[in-house]
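A, B, C, D, E and F are the chain letters, set down in written order, and residue numbers restart from 1 in every chain.
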Amino acid sequence: MDAPRLTVRQLGCERDHRMLFQHLDFSARNGEIWQVTGANGAGKTTLLRILVGLHGFYDGRVEWAAPLSPALLYLGHQPGVREELTARENLEYSRALSGQTGDLDAALAAVDLYGFEDVPAGRLSAGQQRRIALARLWLDGKAVWILDEPFTAIDQQGVAALDQRLREAAAQGVLVIYTSHHRVGDGVHRLHLGQNTEVTA
Amino acid sequence: MSAPTLTTVWTASLHRELTLIWRSPADIVQPLFFFVVVVTLFPLALSPKPALLALVAPGAVWVAALLAVMLSLDGLFRRDQESGALDLLLTAPGVSVVPVTAKLLAHWLLTGLPLALIAPLLGYMLQLPVAVLDTLMVSVLLGTPTLTVVGAIGAALTVGLNRGGILLAVLVLPLYVPVLVFGAGVVRTALDGLPTGGLLAVLGAILALAVSLGPVAVALGLRISAGD
Amino acid sequence: MFDPYFDSVAAFIAMGDHGFFVWSAYGLSALLIAANMLLAVRRQGRVRAEIARQARRDAVKVSPKSVETNQ
Amino acid sequence: MAIMWKTLKRWYHQLGSPRYFYRFCEAVLPWLVPVALAVLAVGLVWGLLYAPVERYQGNSYRIIYIHVPASSGALMGYIAMGVAGLVALVWRMKMAEVMLKALAPFGAALAAVSLLTGALWGKPTWGTYWQWDARMTSMLILLFLYLGIMALQNAIRDPRQAARAAALLAVVGVINVVIVKYSVEWLNTLHQGATLKVVGESSIDPSMKWPLLISMAGLWLLYAANVLIRARTEVLNRERRSGWVRRLVRDGEA
Amino acid sequence: MSAPTLTTVWTASLHRELTLIWRSPADIVQPLFFFVVVVTLFPLALSPKPALLALVAPGAVWVAALLAVMLSLDGLFRRDQESGALDLLLTAPGVSVVPVTAKLLAHWLLTGLPLALIAPLLGYMLQLPVAVLDTLMVSVLLGTPTLTVVGAIGAALTVGLNRGGILLAVLVLPLYVPVLVFGAGVVRTALDGLPTGGLLAVLGAILALAVSLGPVAVALGLRISAGD
Amino acid sequence: MDAPRLTVRQLGCERDHRMLFQHLDFSARNGEIWQVTGANGAGKTTLLRILVGLHGFYDGRVEWAAPLSPALLYLGHQPGVREELTARENLEYSRALSGQTGDLDAALAAVDLYGFEDVPAGRLSAGQQRRIALARLWLDGKAVWILDEPFTAIDQQGVAALDQRLREAAAQGVLVIYTSHHRVGDGVHRLHLGQNTEVTA
């Protein structure tokens, strides 16, 4: 078993005078899938933002074996899609920004947006807008995926396809960490935030 | 792992920002409109006596420009932040200064520049002698980029908390004072028929300073607002 | 009363050395008004096209006689 | 009288129906546009070519034939918006909302025309393109009010909500316009010498007045045509789901 | 079913609004600060020649007041709308004009009134003769309520869509013209040593009109923004 | 069976060119509990806003047997709680505004906010903030309850108590209409918004 890519030691975070979580200890390896669960306001989003370095106010240590930013594919709580831009333009921008490679149209087709490439995102339903962001998962070149609520507002078959995609990626050695309310997928590592934070492999 | 080249990011960002502003023309028109309205307030508040107006004109135009730029910046990062695009930008590999700079440039091109272009018209309406109008335009042209950059720092720091433009104003306006002093000063000097080269040079120097350090500060401000 | 005031086209153009003002006034006015008319017509076309596109897109979803009630 | 009232009410109700209104536009527009253009042409040609010269201002006065129609058109247009707004707010009449929206753009254009032509008139008569004379100032404010209404309209997504918001703003605006006019006139009386009296204002020689009236009629008719075109578009846009619109776009007749 | 008495609603609303503003002092301080900053911009922009300043002072103070009130109104309904309290107000039995009026009154008491109170100080800084300062204060005192009410209409119409203060400005500033003209006019008339009674009366009349019709318009605007 | 208090005929609503629902027909009586279900963006909130008269752009008819506003207790998608005010102040204001009667502290205690009366709402968790709004259900004097997502962000036992309260009220002749994602409670009338809108008694 190779060395962990991510090591979290004694992580704790407090927000407006409330301890979200503390003494959090876990380490994740390439090819693993981690699911972060917890109630609303438990701190899932906050945890992910700490991991990707967006949130800097915490105790404990977060160590990445290899430099994160070139390897990171981060999908936030908001899809990061601008309504004024078309699906294609949105994806093109994020591809350029994150330095990914791969075919835009193929990626858009993979998330069932074929035929909607040139519709302003504002005209699409919430679910479709999230799909635009998810299309990045079908582009190449990232080894650490950190996804906040990737399954929300996605219909049944979409969920299946996405789950499938995550497993493929993991099989190719990508470290996947995502949050979710409902415990979709099994055989994945779980990290539950709540009164008694627990890690189950 | 794959990191993009600076030029890729730059071109992509610039193209995107321009498209964004272009798609919502209100963001271009409204600051301009505001500028015109505020300037027209002065003849109504002071007397429409040409002699007096000409004296007030430089100050009036400049104060209006200040406020127009400041208010136009209020929404600079808001929609990016709400849509989550800002986090994308901050977590992207490479320095976030590049896309930020692109954003500022785009914003200035489509809001600051127009202000400079119609400034002479307003100057004329405020009875400025025609000979001075070009100086007015140049001064605004040199001033607005600084206003944009400096204001953007404020906008970056206030992006998360949605408290109207007034907080931004309170933060930013004091920082605008130097530009205002020299900018309006240039025009007044021209009115007195004195050479303006030196003052324009000062404006240019301030601009250089702002443009060289500003974007870094803006990027930093965005990180801070994100919670880092 | 119904013979031209101007005795030559040149004079008409010149407008007694006010030609510039008169003609630019009318020129600009014509420009603005014509542009406005054109925009109005263009928008009409755009909306129709958009409706047609939408109709094709969700022809299946909504039955044509959806909101006949609002008349 | 009673007859008139009846017909008025019938019109109100029929035009209140989007579909009928659309048919009405289809029927009227084909001849309204050419007639408007013709009348306007007659008025302008008469004014520019045949009317005698004005004593003090020379030929520059011929600007009046576009200036006054535009100015008064802009004023009337805004007042009309106020009325439409009132109807839309009080009786929730859909067509009033549509009308209100349709009235704004051309009115704004006319205000701009009034300003431009006035400025171009001012240069030869006053020696300056612009000064803060009462009328010019209030026309400028009027333009601002027009633009404000248009800005509000395209800021709101839902078309009906946008229209109603604009309606309220228009009503407030009309009240405001009146006060503005007085305030600005007072402002100019305060400091004499700020303004020149507009020449030839009081009484115009009939040989100049007729072409003025005709071109005014022409421009107003054109305004009406523009409004009907825009209103027709708006009706389509709103009723896009209704059967008749779908039939219309599919096989081209309402 | 149980409907409250007008007085109950009025007192409860007024108490609540005052508490709200009181609890977030920024909303009181910032407009004031903005007012001061903008006024002080003028001596910097114009030449600090006392003679000129005195001429400009009425206009400067009034334009600043206009903008301060306008910007302070930007957030008047926002937090109520986001928190859903606005829907509560609109669905409550009885006319929603009452709580709306309470809100306007509270807002004016804690933002408009302070402006009027420090206006003389700023006037003095702008070299206005002391004899005129009281007129300045009275004019601002009579003007700001109108500004608040009229601006509130704009705020009500733009509450849903979060497009910074600039849209509000574009809507409202043209409506502020009469108050500006007469407000600044009064002070100038006083400067010229002429009687100001008539003009103050006009300001009062405008105020009466605004206060009598305004709240209804505001309430209506809120309904419209809510989607009715 | 007495006459219906609310009668909805051929109700249809369109938002940004999308038909949310149409040809909606149902009538509700005093003492009934109606649950409106549907996916995100199905139009639940919009429907309630139409019923209470906040949203005016719709086709068809909505008829209330008795005048609504004096009888209405409406809880919107947002709780309508201002963070600057304490729980007590918030409740006091809404009580005065809606002309309800009853003991504030008892109501607050009923929603487990005993001891939090004087804490500014901003310092409370999302769930507790919603409880402040829900406390109005324990005040008296309203005969029509229209609640938008009353169960969100409420923990298990809270849900139970609330459900209990709704049934009590209905038993006393209150007409209750509420929206919810998850089909809590049975023996209630259901109105499902979606591709094929259906009403089940």
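Throughout what follows, a contact is a pair of C-beta atoms (placed from the backbone, for glycine too) under 8 Å apart; a residue touches a chain by one contact, two chains touch by 3 or more.
What you are looking at is a predicted structure, and each value in this text was computed from that prediction instead of being measured.
S.K.: Any chains in contact with both subunit B and subunit F?
M.R.: Of all the chains present, those in contact with both subunit B and subunit F are A, D, E.
S.K.: Relative to subunit A, which chain has the most distant C-alpha mean position?
M.R.: D
S.K.: Centroid of subunit A to centroid of subunit B, CA atoms only: how many Å?
M.R.: Roughly 36 Å separates the two chain centres.
S.K.: Rounded to the nearest whole Å, what is the centre-to-centre distance of subunit A and subunit D, using the mean of the C-alpha atoms as each centre?
M.R.: About 55 Å, centre to centre.
S.K.: Take the average of all CA coordinates in subunit A, do the same for subunit C, and state the distance between these two points in whole angstrom.
M.R.: Centre-to-centre distance between subunit A and subunit C: 51 Å.
S.K.: In subunit F, what residues contact two or more other chains?
M.R.: Answer for subunit F, listing residues that touch two or more other chains: 14, 16-17, 19, 56-57.
S.K.: Which residues does subunit C have that touch at least 2 chains other than itself?
M.R.: 54, 62, 66-67, 70, in rising order.
S.K.: Scan subunit D for residues touching two or more other chains and write them down.
M.R.: 141, 144, 147, 151, 155, 157-158, 161, 184, 187, 190, 240-241
S.K.: For the complex, give me every residue of subunit F touching subunit E.
M.R.: Listed in rising order, the residues of subunit F that touch subunit E are 49, 52-57, 66, 69-72, 74, 76-85, 89, 92-94, 96-101, 120, 140-143.
S.K.: Could you list, by residue number, the parts of subunit A that touch subunit F in their complex?
M.R.: 16-18, 39-41, 123, 125-127, 153
S.K.: For a test of understanding, state which residues of subunit F touch subunit D in their complex under the given definition.
M.R.: Listed in rising order, the residues are 14-17, 19, 56-57.
S.K.: Show me the residue ranges of subunit B that touch subunit A in the complex, using the header's touch definition.
M.R.: 1-4, 8-9, 11-13, 16, 19-20, 23-24, 79-80, 82-85, 87-94, 99, 226-228
S.K.: Across the complex, what residues on subunit B touch subunit E?
M.R.: Per the stated touch rule, the residues are 26, 30-31, 33-34, 37-38, 41-42, 44-47, 52, 55-56, 58-60, 62-63, 66-67, 71-72, 74-75, 78, 162-167, 169-170, 173-174, 177, 180-181, 184, 188.
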